[in-house]
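Heads up, the next two complexes both have subunit A, just with different partners, subunit B and then subunit C.
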Partner chain A sequence: MDQSLNLNRREFLISTAAVGGGLALGLQLPFGVNAAVAADVVPEVNAWVMIRPDNTVVIRVARSEMGQGTITGLAQLVAEELECDWSKVSTEYPTPGQNLKRNRVWGSFSTGGSRGIRTSHEYVRQGGAAARMMLVQAAADQWKVPASECRAVNSIITHQPTGRTVTYGKVADAAGKLPAPDIKTIQLKDPKNWKIAGKPMKRFGTVDKVTGRQVYGFDLKLPGMVNAAIMECPVFGGKIRNFDAAKVSGRKGVKKVLQVGDTAVAVVADTWWQAKTALDALPIEWDSGANAKVSSTSIAAELKAGLTAAQAFVGNKSGDIKTALAGAAKTIEAEYAYPYQNHACMEPMNATARYTPDKCEVWVPTQDGEASFAAVLEASGLPADKCEVYKLDLGGGFGRRGAFQDYVTQAVLIAKQMPGIPVKLLWSREEDMRQGRFHPVMQCRLTGSFDASNNLTGLHMRLSGQSILAAVRPAIVEKAGGKDSATFQGVADSGEHSLGYTFPNMLVDHAMRNTHVPPGFWRGVNINQNAIFLECFMDELAHAAGEDPVAFRRRFMAGHPRNLAVLNAVAERIGWDRPAPKGRHRGIAQMKAFDSFVAAACEISVEGGNKVKVHRIVAATDSGYAVNPAQIERQIAGSFVYGLSALFMQECTVKDGRIEQENFHSYNSMRIAQMPRVESIIMPGGGPVWGGVGEPTICVAAPAVLNAFFKATGKRIRSVPLKNHGIELV
Partner chain B sequence: MKLRRRTFLAAAGCLAGGIGLSTMAGRAHATPAELSVALKKVTGGATLRPGRVTLEIPPLVENGNSVPLSVVVESPMTTVNHVRAIHVFAEKNPLPNVISIYLGPRSGRARIATRVRLADTQKVLAVAEMSDGSFWSDSRDVTVTLAACTEAVI
Partner chain C sequence: MVQLNINGRSHQIDVEPDTPLLWAIREQVGLTGTKYGCGVAQCGACTVHMDGAAVRSCVIPASAAVGKKITTIEGLAKGGVLHKVQKAWVDHDVPQCGYCQTGMVMAVAALLQDKPRPTDADIDASITNICRCGTFQQVREAIHAAAKA
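The block that comes next holds the complex of A and B.
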């Protein structure tokens, strides 16, 4: 089960090959497989499955593990079709270099967008099924009987007419030499008949994590390795003017002071602390460029102007909002705001690189091994067959370590200046805070119109703020005529993030206001702000109509049965129809995100008008299918750690063009004593589409609590984090 | 220069009606009509042959915003035998003819290097136009790794 505990010959060979001969080292490191080394030791049935003579099974998984359990879930899907003994399964990562050589047999390595399982379940199950068919064929060939007379269960193949049996381990070698079955002949199991998938299997790697054996990127040690600390211009878009290397180059342990690209300076030393303290003492003069005066105030003013700007991109539209607003008996209006936020992974960004003109190797915790590989190709200038990336499990990703590989580029650029020596680049917490790829800022003006009988007749939702795709993938935005469709996640007219209501007249539009602060995909991406805007305003509209918030929502949900089902589920479980316990107040929210339907209801109490205790949260998820219900439950609970921390505590502010927050004292997270009880309702609704789990629930955390806070205090809070209003989580 | 089947198909597909190639072109679905039009503008419908051209571009790129590429053409670069132009095409870009560079015997050697934007995972094609009127080509598949990450949210 535990890949890093299996000290077999193959892993030993790989580790030593990868580190270039250090025998005493690397035995516990989860290095990627060197196919040439592996092939003669563990028979590979196909790209997904390797089986040793002792029947232990190694399943290769391309997606990255960062605590979300995707490795376990994907292995369950392969094992289910493989019909193998689950107790003998372990996993390993193929390398991006292997993937390229083998015509991308493992598909995308990208681990984001809650897509680990939902976009690869079909081909990984086919991989497992194909391996089973080949094993059965190999046994049938051995017995000279038709394969149709043989059946595989729990790693044992039985020839049914004669009762002869053989284990997978005995025929794996022969199976690996057979041609793969035609994909059209592969029949996948009905999820109703699952025995391994769909069950709450224990997650791989837990023992290593709790015993400290797990090697994260920043634990990595290679023989002869040196350590690097780096500082990039804190004003985005600025660069280095000069730095006085002589001031620190004589310090103990310091090997080299060097420039990295146009924008960063690094110090390389024997230990990381020597490098970090030398960097702190290094006089650096920055050319801050055009953005040196930008502040949170100036950004907010730009966004505010967008709320009433004439030009805006239409994201969702029905009926005629203008007429509805003009003919209204009553309108209500509210303005909301969402701040910049940092991913703040517990493990800061890091990568270890070794460069020679013949080979560039990088060890990195990454959400996308192929993106890391691409960064290595570009930074090293070497062809693909001379580069390799070995993935390590991540100490947090949340979207920072996928689309952005800046730390990989930096590590390679440093290693290039010290050929042959492995260099571990580790960002300080301060660097990690300053150089984020931040949750974009957004403001929103919402206007609702009512007729004389208090019926909602129209809703206008005007977004104003930053586009992620305009910064990250401008080609996509240009192709769409300047519009960033991702801005409308959760309120879109169709697709995996479609709006869960039907309003008679509605307009959702976006005035794009981009800033110099680099935006990124922050767990949940644009659903976080859109859920607050829409779901809090739905409460405001319900209040204006004099109606219960749940009953009011239901009026617009007839065409959205699965949204309605999760809403009803949490309402029922929390006892919405009955009064809350004395001193407690309830709030609710729902949304469709990443093709899953989610809802949350909470119970809070408020002391002294500002001390909020969240007593209880009920959260429902319909992700279509539940591959590992225990994982889903943990993801849901974890979503509230992330979502409530963001709601109460987290904001990155800009002053003089740079991010002000430098460490956890000014960018905090909730503690275990503040964590509410989370009751999850997993209600997979089936159907052709599989939904994601890692992100959707985060977005309903904040609006549910904000709505409950209004219930408790009569105060509408329309900007986050709540610390700015003197409100704290207790 | 190896004559790989894939290169041949790509070249054939781009031609849309090159002599004797129409059947193959019909099978090469990956090539959109815009590319054929853009390519025809350059070649005037002349046969596009694989070979003599080496396109260097990374097989994987992070986001496609700025992708380094270089093209080298085997040619003595003399008055009577030289490369007249190098054209680069990206089938899924809004404007498939990414760049055209015109050369002459005084260029010394037929090698260009630049950076291009790639809108998506796609095939990139380099075409060399020779002084004898012949056209030669090379192509490479490029995967934009971030494409997968953003497809779902848009």
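The block that comes next holds the complex of A and C.
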């Protein structure tokens, strides 16, 4: 998703410039900033590191914490190079406004695509190392000795020939006044020598989370604040026709009933409950437009037609698939389907805004503070120096809170109608369910060809369905001649989502079929469906060839040693070569995603043909480096909760142009009773590329379970969710 | 106007009697550790104790809590010492985003009150809170650890 990252950045800069903020382009190196520009109370050594006289260290990083542990991991990387006392480290977010004023010294704020660590590890480590060098230089200057004679360990600098020592806190002020070292003189540690990074450090903030002290966006309180509830036209693309404000404006606590843009109505009241109940009672007439005719059935029919359409974008191609299919002794064909799904973050969307003609400030849980900032600029109409965004840790993100800042726009549009008064906009769960940015719908027809000796000679994978980028980053798609390359995640010819097999003849192509339902980046993005399509069909092919699914896969993996390594690791751990325990059945899957190699093998039992118990999932991840193995384990286990909930329970259906599901009773999520035992194998393979962790693993759970279900019952289930087949997770 | 006893203190609260206890706690009393997740008693993020039992405060009218002893997450630690469930949660690094965890901790604290050494089956039957980050594996470990503490 690097393209979208760049474009996002560019769009942001363009939109900033358009409203009068003349700012410098490009990502600066983290240590290029003169400390003199900073006005922080805590002495700043450089952008990343602030140290108080008592040796407490504040590390500032721009990515957002939403439960994935990225802030802890990034702080570990800074602290590792800084050589500071880990027990005295805390973290802070810089604001997007500060980042702008300092030539984007902290880099991108975007926290999605499993990028938090893998695309900022180098500059944050360099930032920590630069700060250490400046601290050592300051101590050396004080002692009038060469810096090369001094060494820093655990926040203490020692002049080695004399044994004199000084703590970081004593020299931080002087260090901050020194010039930053030349990047060429910075040497990063070999990960083999890590003492803080690479270790299972506990994440920050846990005590506050278990005592209720952590302030989420939902919990924010500002003096004089009012609360807003909102409803946007439930048919996407529809508008407000009219609403009868007089019916509710006299209710207790209600301050204002107002229109938000062309599409939404909000009630502002003293408390949110007053606002919400008034909104429920408010008569609103919608102009739903032509989209009111769209249903899940009509969408499915369009996608189905795409499976055999003449035109399709080629995503991956080798050999000559036409000839292979034409000359086949036997062909196997199957059609799969994946539905719309909602992120369903536990904390519904929200933002708090205060607007005056001189300043617009927004407090928001966001995966991308700079995208929020751009939304504030646009909605407020104010220049960049009059806007600011304060990030709060998120109650879940999963892709909903990055590229999409609709709730920020709404909060600012409401606050503009009540200048000077802070307005907290909270979405109800129902609004959150109706106004998602949904996992796109996709169907897939797969055809495999065999020769007379049962060798696979070709594979055609035809995708038909919705493009996320066409809706969210249309310029990228336009530049690529209409193709959305992200559609091929996990089955691409190269890059961070490349296919882990080499087939003699192959074609993966995509018939783009977009709908009026807004698609979004949903944890794992397009690997979720592609892993099911490919990895279940690999099982179908193995079965047709009369071969063991693991042995069959290995035939095509000679050129993919790291894919093979994770596959072998889970096969070995689950005991693939030995029979499963009585009554249990196994399935397996592998994929490369977000530059990490992942595989899963599971053991399930099936009762009564439809009650599935997942006893055990073994998961292997090779993310190149493991900055915090304990947090990686938690991401793996958590990914399976997200992925298995999606597999068994979750579908957003469309009726009369709107999403039907409005709460967890019709859009369910896994509970602890359904949680399998997850065994993680973390096997970092090193190399120049760092892989992500938050998303890759999510995609292998579903195909592994589906393959095990076939083993148990002889039935191939080819559409999600399984509840539609009467199958439940117990 | 209703009078509620929350964390051992009496509060005169100016709300309509049918206002859910959750919103009275959050917006009138100002204790925001109790979370809104669904409003229909599905997710458990709003779990508090009412006379010692875990209840989902989003569907209980404030008027129905009159005369009862309400404990919220803010009242679980006593004298500045974390409750054993909270401590186990810290030791096992349980929360991810943390939003559902206050409700989860309250549900588990009530379970341990009823069943000091719960089996896995007891946990499965009584802990039905939704966690979208998927902390269940650590939740289970931490419950057993808290039971032994």
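Here is the rule we go by: the second predicted complex is superposed on the first by the 690 of 730 C-alpha atoms of A that agree within 3 Å, B and C clash if a C-alpha of one lies under 4 Å from a C-alpha of the other, contacts with A are read in each partner's own complex, and residues count from 1 in each chain.
The rule we apply is simple: a residue touches a chain if its C-beta (ideal position, glycine included) is under 8 Å from a C-beta of that chain, and two chains touch if they have at least 3 such contacts.
Remember, predicted model here, so these are calculated numbers, not experimental data.
Student: So, A:Arg555: does it touch subunit B (first), subunit C (second), both, or neither?
Tutor: Neither subunit B nor subunit C is touched by A:Arg555.
Student: With the two structures laid over each other on chain A, which partner does A:Arg573 touch: subunit B (first), subunit C (second), both, or neither?
Tutor: Neither subunit B nor subunit C is touched by A:Arg573.
Student: For A:His615, decide between first (touching subunit B), second (touching subunit C), both and neither.
Tutor: neither
Student: Check whether A:Gly69 is in contact with subunit B, with subunit C, with both or with neither, and answer first, second, both or neither.
Tutor: second
Student: Does subunit C touch more residues of subunit A than subunit B does, or is it the other way round?
Tutor: The partner that reaches more residues of subunit A in the superposed model: C.
Student: One more residue to check, A:Ala475. First (subunit B), second (subunit C), both or neither?
Tutor: first
Student: Going by the contact rule set out at the top, does A:Phe373 touch subunit B (first), subunit C (second), both, or neither?
Tutor: Only subunit B; A:Phe373 stays clear of subunit C.
Student: Once chain A of both complexes is superposed, is A:Lys386 in touch with subunit B (first), subunit C (second), both, or neither?
Tutor: The answer is neither, since A:Lys386 touches no partner chain.
Student: So, does A:Lys359 touch the first partner subunit B, the second partner subunit C, both, or neither?
Tutor: Once the two structures are laid over each other on A, A:Lys359 reaches no partner at all.
Student: Once the structures are superposed on A, label A:Ala403 by its partner contacts, choosing first (subunit B), second (subunit C), both or neither.
Tutor: first
Student: Taking the complex as given, what residues does subunit C use to touch subunit A?
Tutor: Residue positions touching the partner: 15-16, 19-20, 23, 26-28, 30-40, 42-43, 45, 72-74, 76-77, 82, 86, 89-90, 93-102, 105, 123-125, 127-140.
Student: Applying the document's contact rule, which stretches of subunit A touch subunit B when the two form their complex?
Tutor: Against subunit B, subunit A makes touches at 96, 100, 104, 108-110, 112-113, 115, 119, 368, 370-371, 373-375, 377-378, 384, 402-403, 405, 469, 472-476, 478-480, 484-486, 489, 496-497, 521, 525-526, 594.
Student: Across the complex, what residues on subunit A touch subunit C?
Tutor: 66-69, 202-203, 205-216, 218-219, 221, 227, 252, 271-273, 344-348, 393-398, 426, 428-429, 630, 634, 637-642, 663-665, 669-673, 675, 677-678
Student: Under the stated contact criterion, what part of subunit B meets subunit A in this complex?
Tutor: Residues 58-65, 68, 93-94, 117-120, 143, 145-150, 152-154 of subunit B touch subunit A in their complex.
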